[in-house]
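Chain nomenclature is as follows: A, B, C, D and E, assigned in order of appearance, with residue numbering initiated at 1 for each chain independently.
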Amino acid sequence: EGQGETESAEESNPFAWVEEMGEGELPAVNPLLVQGDVATAGSSTVAPLAAVIIERYKEDGLTSQVTLDVIGSGAGFERFTVAGETDVSNASRAIKDSEVENAAEIGRTPIPFRVGTDALSVVVSQENDFVEDVTAEELALIFGGAETWNEVRSDWPNEPILRYVPGTDSGTFDFFVEMVYDEDPDTILSAENTQFSEDDNILVQGVSESPYAVAFFGYAYFVENQDILKILSVEGIEPSQEAVENANYDSIEKNVEAGGYPIARPLFIYSDAEIMRSKPQVAAYIAYFLNNVNDVIDQVGYFPADLSVAEANWLEAMEGAY
Amino acid sequence: MSTQLENQDIELRTDNLNIYYDTFRAVTDINLEIPREQVTAFIGPSGCGKSTVLRSINRMNELIPGTRTEGTIHFRGVDIYADKVDPVEVRRHIGMVFQKPNPFPKSIYDNIAWGAKINGFTGDMDELVETSLQQAALWNEVKDKLKQNALRLSGGQQQRLCIARAIAIKPHIILMDEPASALDPISTTKIEDLINELKQDYTIVIVTHNMQQAARVSDKTAFFLVDENRSGYLVEYGKTDEIFFNPKNKETEDYISGRFG
Amino acid sequence: MSTQLENQDIELRTDNLNIYYDTFRAVTDINLEIPREQVTAFIGPSGCGKSTVLRSINRMNELIPGTRTEGTIHFRGVDIYADKVDPVEVRRHIGMVFQKPNPFPKSIYDNIAWGAKINGFTGDMDELVETSLQQAALWNEVKDKLKQNALRLSGGQQQRLCIARAIAIKPHIILMDEPASALDPISTTKIEDLINELKQDYTIVIVTHNMQQAARVSDKTAFFLVDENRSGYLVEYGKTDEIFFNPKNKETEDYISGRFG
Amino acid sequence: MSSMFSTPRDIAAENRAKDKGLRQRTRMGYIWQGIFYLATTIAILALVTLILNIIDSAFGYVAVQNTVEPAALVEQVQPGSDTPLHDLEKADLLTILNENVRRGLLRAMNADQPLVDRSQKELARLVVDRVVEPRVEKSWHLWESLTARDEIRAWVDENLPDGWIQFRSWVNVEFLSKDLSNVPERAGIRTPIMGSVMVILITILFSFPVGVGSALYLEEFAPDNRLNRFIQVNIYNLSGVPSIIYGLLGLAVFVRILEPITSGAIFGAIEDHSTANGRTILSAGLTLGLLILPIIIINAQEAIRAVPKSLRDSAFGLGATRWQTVWHHVLPASMDRILTGTIIAVSRALGETAPLVVVGASAFLTRDPSSIFDKFTTLPIMIYRWTAYPQAEFRNLAAGAIIVLLVVLLSLNAGAIIMRDRISKKRRMGK
Amino acid sequence: MSEHTSLETSPGNSAGGDPASPEISFAKRSRPHESIIQGVLFAMAIMSILTTAGIVIILTTDSMLFWREVSVWEFFTSKTWQPMLGRIGVLPLLNSTIMTSTIAMLVATPLGLFVAIYLSEYAPPNVKSVLKPILEILAGVPTVVYGYFALTFMTPLLKSIFGAEVVNIYNTASAGIVMGILILPLIASMTEDALSAVPDSLRQAAHGLGATKMETSIQIVVPAAISGIAAAFIVGISRAIGETMIVALAAGAGPNFTFNPFEAAETLTGYIVRISGGDVSYNTIDYNSIFALGLLLFVFTLILNIISRQIVKRYREVYE
């Protein structure tokens, strides 16, 4: 009888899942007591990470629905800020001002939760025996401007560069263009022999097939395909936990100055305080995400990030709600 | 028989009947008086419009898109092509049997019961089935297998079933379009005998290609031919004996003696 | 004519011909001698195997899967069912005309030229087309529209075109399976006249349902019936006059006088 | 003229002249016949290759390595002992679980059924599943597995000293019954199967009645006028419209314009209006429904047209109305063929990917769909998604899912063929 | 004659003349459900018109924005397709659509025709009854599967034949060939129907003239079925043009104006599915461009369908 009573009491309390709350600490989440569905959508880079977290969430006893739609960061923000049909938006780049404005129009204020770091990997086939390292300028030439390899560096072969580039609606593309081409996509879009795909495996397949092919994409895809791909160092720096931590994501130069990997990028999930408060299951999902992400992130192929800002954001958003 | 008596017993009369398929006039100016409770045969070469005229009598023609009927047909004095007349009702009173036996792919029993049922029959169905089959001279052959699929009967039995089915809705006229042409000689004989039986209660109009058959079963015969526009017309109409043994018309004589067709 | 002369002029002879469709024996023990440059008619009720026998003469039967032929057919002394005989070659010598006119959907000219061409004809094609059409009594009607599609001819013209087409490959025998049954009386007359012409040069075998036609065009008549197993057999074979006016057989007489069928 | 033919010709001589030509013609005949056989063989080979290519990925050796060695676990509870893991006492197994499994999962397992109440066997299985966690490190295709066994062994010896190889069928009972996962060995296709089933049910519920109704109208009721001819032409045209365009239509109409209906909002079927959107099973089903509607109509029309006119004549001749004729006779007589056509159309819908990508299928769901207003994923969508995953093992899973889909399609088609045969048998009987 | 008039005016009188006959009424009965049912069925048939209307409206309104900014002339003549940068030339997409479709038809037409001839003219009935369903199953395999077949089997095969340097991993040849395999059963089945519809009498006529089986099949039966075959061919083309997943996976994913079948080039449908798969922002030129391309595709297939209907119609007339 008593059991039933507590159960019904728990049912009536939407924050029943909150437990073990230390002062100024993110509460642990008891998925067994979470009710209500969560809709998430966005980045394909964040998707593998989010999917692992969601699966774990379910294993830990979640009974409600968490949907994950993989549509790219831009489209994810579109759904979050314009249509307002998602609770959480996954992104492999920071939200743009225009997107924040859109969100304001439907009464949302996006809050970022930084969940990890990706090293944007520049890769070639293992058959490629002439490139090991590229400079920032060379990188720009390789993905736009130069037609053959020897136009980039004279001792490289006189062969056309075959480029495999993430689709124009992806955060990956946006980030790369921002860092390497100063936000001007013209060069990369008009380059010869370029294949665009939202499907990173298409890029992997493509680049692995020719010694003169080159691609960039999330580190996870490199990790899984190490046996056929070769990763290049940029400005002499290879992706590593340390190099990624040192990066500050403003520009290639600043990253290099700080001894960071030049094209490391933050991975985010975004939500809104109002949503988190009115739909505690969203707050629960994000808290669970933050609590667990560092257990799984290296297994997915990304680098852990300092979660303190994200946790602070969460606590601020949920101040006094439970 | 006097002309007077004949006139009294007219069951159905066509006046200047012209039937078109789209723009093609299939038959021209057919004027016929069909006597009650007698057998009238339509003969003539293929394509001369026998079936067309026959089907116009119970408005089955209308089911073919593009047909148009001019002139009138009076059944017991009622113009069946009048606006307020319901063709479905007409067919209830004027039944039809087709060249190829076409029973429904149902049981023998249901074949007969269905028509009666949709026509609102509420009496004893078993009895109706039995009497209809008896009238069609089929009862003895099928009484033990009424639940059997009708398609498993022989061709001749199927055709008699179709006649029984038509009888079951108690029509006044039964139209038959070459009812025996797909059957063997023995079945043919049975059907002919049946027609002779049925004319006691029903007016029968039969189309046949078989001169001997027309001569054997009919009281009156209408002979059709096609004109130069391929349109059918009525060449001669009269008592069967006269048409066969004393035709007024040269073409009739040629046709009956087998010179063409 | 004496029996002696007849024997000399045998164009084709069947010996104990039995033809099966799968396991069903369609005809039993047919023995026939077909005289050269005369017209032989096959008559009999539907399903008695007339077409089956006819088609076996130029080995067209083989095109139907499951057919089997027992017995022999000798054409001018050559057994056409012998192993080394190519049926394609047989058909070159024994042409065929079918019940429904079946011209190719090509021009009139090509209809005639095609058969000759595939058979290696290398002479003057225009001349061949003209003479064939003339022999088939069609030339005058079509000479101005040789390039027109043959399907636009009338049924009777189409049938004569089919005959012209058969003639063009210079066969020795022409088989005709109810060549006029789908035609109007006038076209029928034309075809009959044509047959009378053609028998000066060709041996003709014709299947017909029309007694009058058989009587009019043929020199000899073979009458078929079915036995209790639905298998066809030859009831009587002889001069047409004798078959029609002095049949030896009761069944023949019944059939010809129109008692059944 | 007649002189040409009047003398009996010398057949033997003619034959000799023609013989050469005939021999050559016969040879040409054989050559062409060979070409026809060859073409057919190529077509069949294409099918076989396609299937083999899939089978090649769905089976083969995998290199497996334990995340934690069982011996190490035994060491934790019984130092120095060499008892095999699965023979450990229940208490020891409980200790291992409590110490090595993360808290959240432990709680969930306990909530499901307290661990202490579970059998030793079950606990041992849990330990293997959750602690020892053998993981597939690399997978090989069937062909490699059969031909290059030694190389595979050598690779494993070199790269995974603690690993071993085993033969794995990626299609198995668990694969069918489990839900989605990011761990290839744990992933199953229950959720996409349910999604496919529900989407297809909507598709059928919409397109079958509407399709058959349209066909009946056009064949039995429609007078031959311009409107009806236009409808007919329009249906033929629709049957040729690329499926991706139906996707665009579905996106605009069902997802956007009819959102209140397709999301279930106006029916109060959903609790949470804030994230309600039209990317639901209902929208997907209706989109596919529109896609196969013309195919169903055309097939049903052909079926209805094949009903002999004599059957209608019989009914009309007995004074039946049009609807009585259609309902009692035409429809039953054509139903087999209509169903055959529908099955073929439905198998097309089952395999469609592009329109659902456009309408918006989800990539990961935690719960099976339970209402038509749920978000969805389907088998072909999952196949498409899995091939885009970084881990190669998902390609094996995709192949497995393809085999499942093919088996379903095959059974549907076989059903259609059996039905077709039954029809022709019935026809023969009818004759 | 006066007798008749009286019969006409008073049917009751005539019935009275024969007491045995029951009262006859031909008056129309009211059958409301008949008209209701007909109305419902009509409404269902109208559904297809609504679908077409929906497609046309959606495609035109959503591409309006696009057409407003783009000159039709440039659209059809410029050789670069980068809507984001305002370079709007559909030729690269169109070109590769035509290339893949052409390659597909080069594979599917002869093979489909020969398979159909074999099935219709040569195959024993039991072989045909097994083979035709097998081919139909081939047609029922989801196209994603064909896409991966192209990528993982056909492309490596082409590479091993023509050299790995010559053949790009994504190329129109591979996509085209596999698309041909996909379309083959469709063409074979439709052609087989057309060949079977040729009346047997024509075959008999040809054999009766001493033709061999091959001569009959190729010179008589095939020409007689030519319009049906042409219709099958056109349906095949329209399927090829509209096919999406195969080209999306195997042909390449970037507009590229090339005539080299071994190079990557994105097709119309490939572009549409790539852009809509990302579910791009509404009211951007990218998004509107997919509706413009959809419209183009719709018009193409519409024209092809109309041609094919026209051909079929003529062909029906010949044999009726």
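Criterion: a contact is a pair of C-beta atoms (placed from the backbone, for glycine too) under 8 Å apart; a residue touches a chain by one contact, two chains touch by 3 or more.
Source: prediction; values computed, not measured.
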Shared chain contacts [chain A and chain B, defined touch]:
D, E
Which angle of rotation, from 0 to 180°, maps the CA atoms of chain B onto the equivalent atoms of chain C, to the nearest 5?
175
Pair of chains joined by more contacts [C-beta pairs], B-D or C-D:
B-D
Most centrally placed chain, judged by C-alpha centres
E
Centre distance in Å when chain A and chain D are each reduced to the mean of their C-alpha atoms:
32
Length of the line joining the C-alpha centres of chain D and chain E, rounded to whole Å:
22
Centre to centre, by mean C-alpha position, how many angstrom separate chain C and chain E?
46
Between chain A and chain C, what is the gap in Å from one C-alpha centre to the other?
85
So chain E residues touching two or more other chains come to 212, 215, 277, 279
Multi-partner residues of chain C (each touching 2 or more other chains)
88-89, 92, 118-119
By residue number and range, which residues of chain D touch two or more other chains?
25-26, 321, 360, 387
Mind listing the chain A positions that touch chain D in their complex?
29-32, 36-39, 44, 47-48, 50-52, 54-71, 83-87, 199-202, 204, 220-221, 223-225, 275, 278-279, 292, 295, 301
Provide the residue numbers of chain D that touch chain E in the complex, in ascending order.
25-26, 28-29, 32-33, 35-40, 42-44, 46-47, 49-50, 53-54, 209-211, 213-214, 216-218, 221-222, 228, 230-231, 233-249, 251-253, 290, 293-294, 297, 321-323, 344, 347-348, 350-354, 357-358, 360, 380, 383-384, 387, 398, 402, 405-406, 409-410, 413-414, 417
Residues of chain E touching chain B in their complex?
3-4, 6-11, 13-15, 17-18, 21, 24-29
What does chain E use to touch chain C in their complex?
124-125, 199, 201-212, 215, 219-220, 223-224, 318
Interface residues, chain C side, partner chain E - complex:
58, 60, 63, 65, 88-89, 91-92, 95-98, 100, 102-106, 114-115, 118-119, 151, 162, 165-166, 169
